[in-house]
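Reviewing the structure listed below.
We just call them A, B, C and D in the order they show up, numbering each chain from 1.
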């Protein structure tokens, strides 16, 4: 039984507390928040749990083995560092920190102390994204040609981070999890429409050392909500629509043929004669997806990693890689799309 | 009654011939194509019309006042130039030419000879796009914040032009027609997946001297067909889905409020205190659209311009502006998204 | 402040308890359920509230002014009757009773004791259905021609009632609320696919003393979930899709014209010459709907009715009318669609 | 090479003429229509074909082996009879005649003369319906529980037949083709909204000597166009949406379990203990459908049947069965849904 403290009981905290409580291996011990009203709510919901405005009381509690940090992004680094120094395993909301230097520092601290440090890349724990990874890894899709995501809606404007750090972080964590390659450069364009506020619309392109391209469109100012990803492969193509209630993933047996044979990149390297590009279309298939809440899967996984001393799927290294891309994207945004290299030493394997 | 010759009777030519025939002011006189089989089809469909493999016979025909050129892009410039020199009014399929130099040359030739030179930017003649222009011009939308278009499907791969020249040209012509401002720079990223072939997926960002951004996603290798444009304004927002059978345009009375008042950019220029961004949502409205085929409207307009000596809506100048952007986009594509300026002298008013 | 007891803490009970608690005028006093585990959940969620397996303790509690009954249908009559006899105001889940005789008996008991007796016809408290009623009453739709509803999904099979009593009851309560006329006869067809179990698919037609028809399709064995109602009027037509996240109601300015004028029934009563039926199509409009949870609106309304001695919108009379139709439909089902009259004396105004 | 005459060149005739012309085995010989303007169109489209206002000239033409009748329904019987008597093979638009007596008479005449008599039940020649038949016959779906179709749109009001004869005929021909059983009774309800005109909205239920039910909703006065059929089986379920551009058929691996085993009717015949109905959900699959125009398949089939002396898929017997149901439905409509038996002698095997 792992004792867990929840730091931050705002929008996401109550979901975390509920999921800790529902895990057989989890013991919800303490909750902290700076706002007394939030603590009153927490106390009435979880009568036996220690509720406090003092985060340090949570860290000092010997029954607390691990903490989950669900506070504003700007506070993640200091709170997580303090928790690690207090010897607690840590799960931090995404993004793990505001800079890659901070993320690296947390990763090193956890490594040195042999503690589990996980980041709340929620989507990698959904059955949809796990199925996509399985399809790609199992070679059902063939060579991956592109990953294209649209993640737009009206609101919520953030004050401290731009739309890339708020929404594109989801796609970057998915890309990190499902694609077999790491990006080598980023180009980003975008705009803020409220003076003095960060960008509310942005477009990211990720380049790879391969004929693969990824693109993400994020927007806080769209009239409709869209969560749709297209993944093109040499054999099959995937449409992942997260707003579909049940058939979230559709696999299309469609593609091109070059000179009559199903297109594989290796077969196409004969530029000296005229290519004849044809099209083929077959069945569409929507695999059944298990409906377990992502946060339940994630919390169970976090507790298991603590129990068994394993690295989590969404570990500090993946958090760092994502933050490096976010930093490069912000830099590219300021230069109207100039590609920013993700230097080899910066690219964490 | 204007005598019309059709040069090129492939995919689009038959639609043009039919629309010329159906116009009270149009007299379908001659059709040329290099392929005898196409001419046999043309002759059996239009018994009285002169069908020939010799384009020059069409130009030499004194009953031909105007020609419509529906041939591969690479031939547009020479054919159009020859037709203008023969004193014919000209309507050319999009894009008008392969280079802005050629487009400029055609524009000058038409100007000197006082001939109508039109480009087949079909979408600006659809009721949907005309309604969007009317909504924006009538100030129902407010300040325009962004134009975002997705135009993807499986096929048809072109050999002579990339996906930008093939598909994005539609969006660029729509942007040229409906937005009150001209872009000042372009960033483009993309990739070709068949060795030796042009890019089949691309992303364009257009920058403006205003808090306005435009983005276009074009893709020949998508599992599903999408034709969807989001237009965000300070008062209302538009979703234009060209695949909808009837409600192609939906106007959403949605937006943000800054410090309690409906957001206008002028009101937002007070960066010294904390902005409070709120959201408002009202009715949605889908205006009824007239169902006349765009090509019918376009052909009628072309004949009227000839008759009355007027400039067409999609004139040579708009064709040139679009081609300048296409050129800059191709240049940016080769530099992984570096923004290419559309120099003032290059920007045709 | 009205003291409220909740009888039955299964699927719907927790929602009721939460909504009582959230109302300024409601005081959640007691909860009863036969299953101890449910009471443990209730007690931990609402520490100060009296939780008991003895429904009579709730009724005996002097702080309880009103009870909400959320138990299986077969128990509604006896529990509601006992509660009324104990002098409590009552809100019963739908359908209010298993027979119209029982419903009538409850209505009389409440009338005699001057107590509020309401039925949980939840949909009449949704903003969508209230908007439809407003549109029809305000004459924006014209004469109503038909009401057509599809309410199908996979599961949940009930053992004690058939699909008509389980699902069609929603449509019948909506029809009762929004249409200006009462049905005079019912025809129903359907089938059960599991031996010994009630019908799981059924079709109801309601006849009126007017050129108006209503039809309801309910099905527990459908591969997809559908909640879609079409309402045709002489001026406009409504599509109400309850699964749409925001634009649940779309109003189409479409219809027919007879001999050139917009069709009104009175104008059409000239059968002696040839009718020319034409079609017209105008704008579509989706009114903004307030997002308050229906149960919140309903609970507030119930408490206000108690406070002010008013009849609720979904009163015992509407419950009785709905049950009379359910009874007639079950009778028609056994006779393969023979129309069953809803006799005048049975039709409660 | 079979010489074909087309009788009636209105809405459907031009499609027929084009498809005859495009068949290698078909020789378009003559076209008749009472309206001279239609013949002018036909003549300019098909210069070598004999165009006449005299249908008898078509029948007298020795080069004409077969005729296709595409005239108003009320003329089908007389024209088809005359054509058969002239020794011509006949394909008639649906429904084949206005009464089952007439249909029977035509069937007998064709039998006696050993001529092919086919009816234009177009849908049975679509790849979607052929795939559904194949899935049902191949036992992939299990026992069929229900067939539920919605076929609604705005217009076109017919003057001579009601909406059942105009639209439901499509579903009845599909049901006749894909279901393994024949209906034994019909219940129909509906209404006409224009005085003196036939019903424009109707609901049909078909009963079978099995736990199978079919239902069809047809409506000329709907704000949106819907063409959607649900087919429930004991193993899988089908959604057939004819308006989908490509995935018209979706097969859902969903259903119920009774006492833990996948539900088959035979297994469920144990009413003496409590049934436990559960639900299972698996993958969804959309088979690729060949895109050949249905009329092309149909015309090829008609010519092959003539050539090889075979019975067509949509033969006179199927036309007769469909008309018997239409007659019974019209009778039931007048009696507000009373079930009308399809007597054994009337049911053509």
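Here are some notes:
Everything below uses one rule, namely that a residue touches a chain if its C-beta (ideal position, glycine included) is under 8 Å from a C-beta of that chain, and two chains touch if they have at least 3 such contacts.
Note that the structure is predicted; figures quoted are calculated from it, not measured.
The minimum number of touch steps linking chain B to chain D comes to 1. Each chain's centre was taken as the mean of its CA atoms, and the one lying most distant from chain D is A. Spacing of chain A relative to chain B, judged by their CA centroids, is 38 angstrom. Rounded to a whole number, the gap between the C-alpha centres of chain B and chain C is 52 angstrom. For this pair, chain A with chain C, the centres built from the Cα atoms lie 43 Å apart.
Residue positions of chain B with contacts to 2 or more other chains are 281. The touch graph of the protein chains shown is complete. Touching chain A in their complex are the following residues of chain D: 246-247, 253, 281-288. Within the complex formed with chain C, the chain A residues making contact are 44-45, 47, 225, 245. Across the interface of their complex, chain C is touched by residues 145-146, 148, 150, 152, 154-157, 159, 185, 187, 189-197, 201, 203, 205, 207, 211-213, 215, 217, 219, 221-224, 230, 232, 237-239, 250, 252, 254-256, 258, 263, 265, 268-271, 274-275, 277, 279, 281, 332, 335-339 of chain D.
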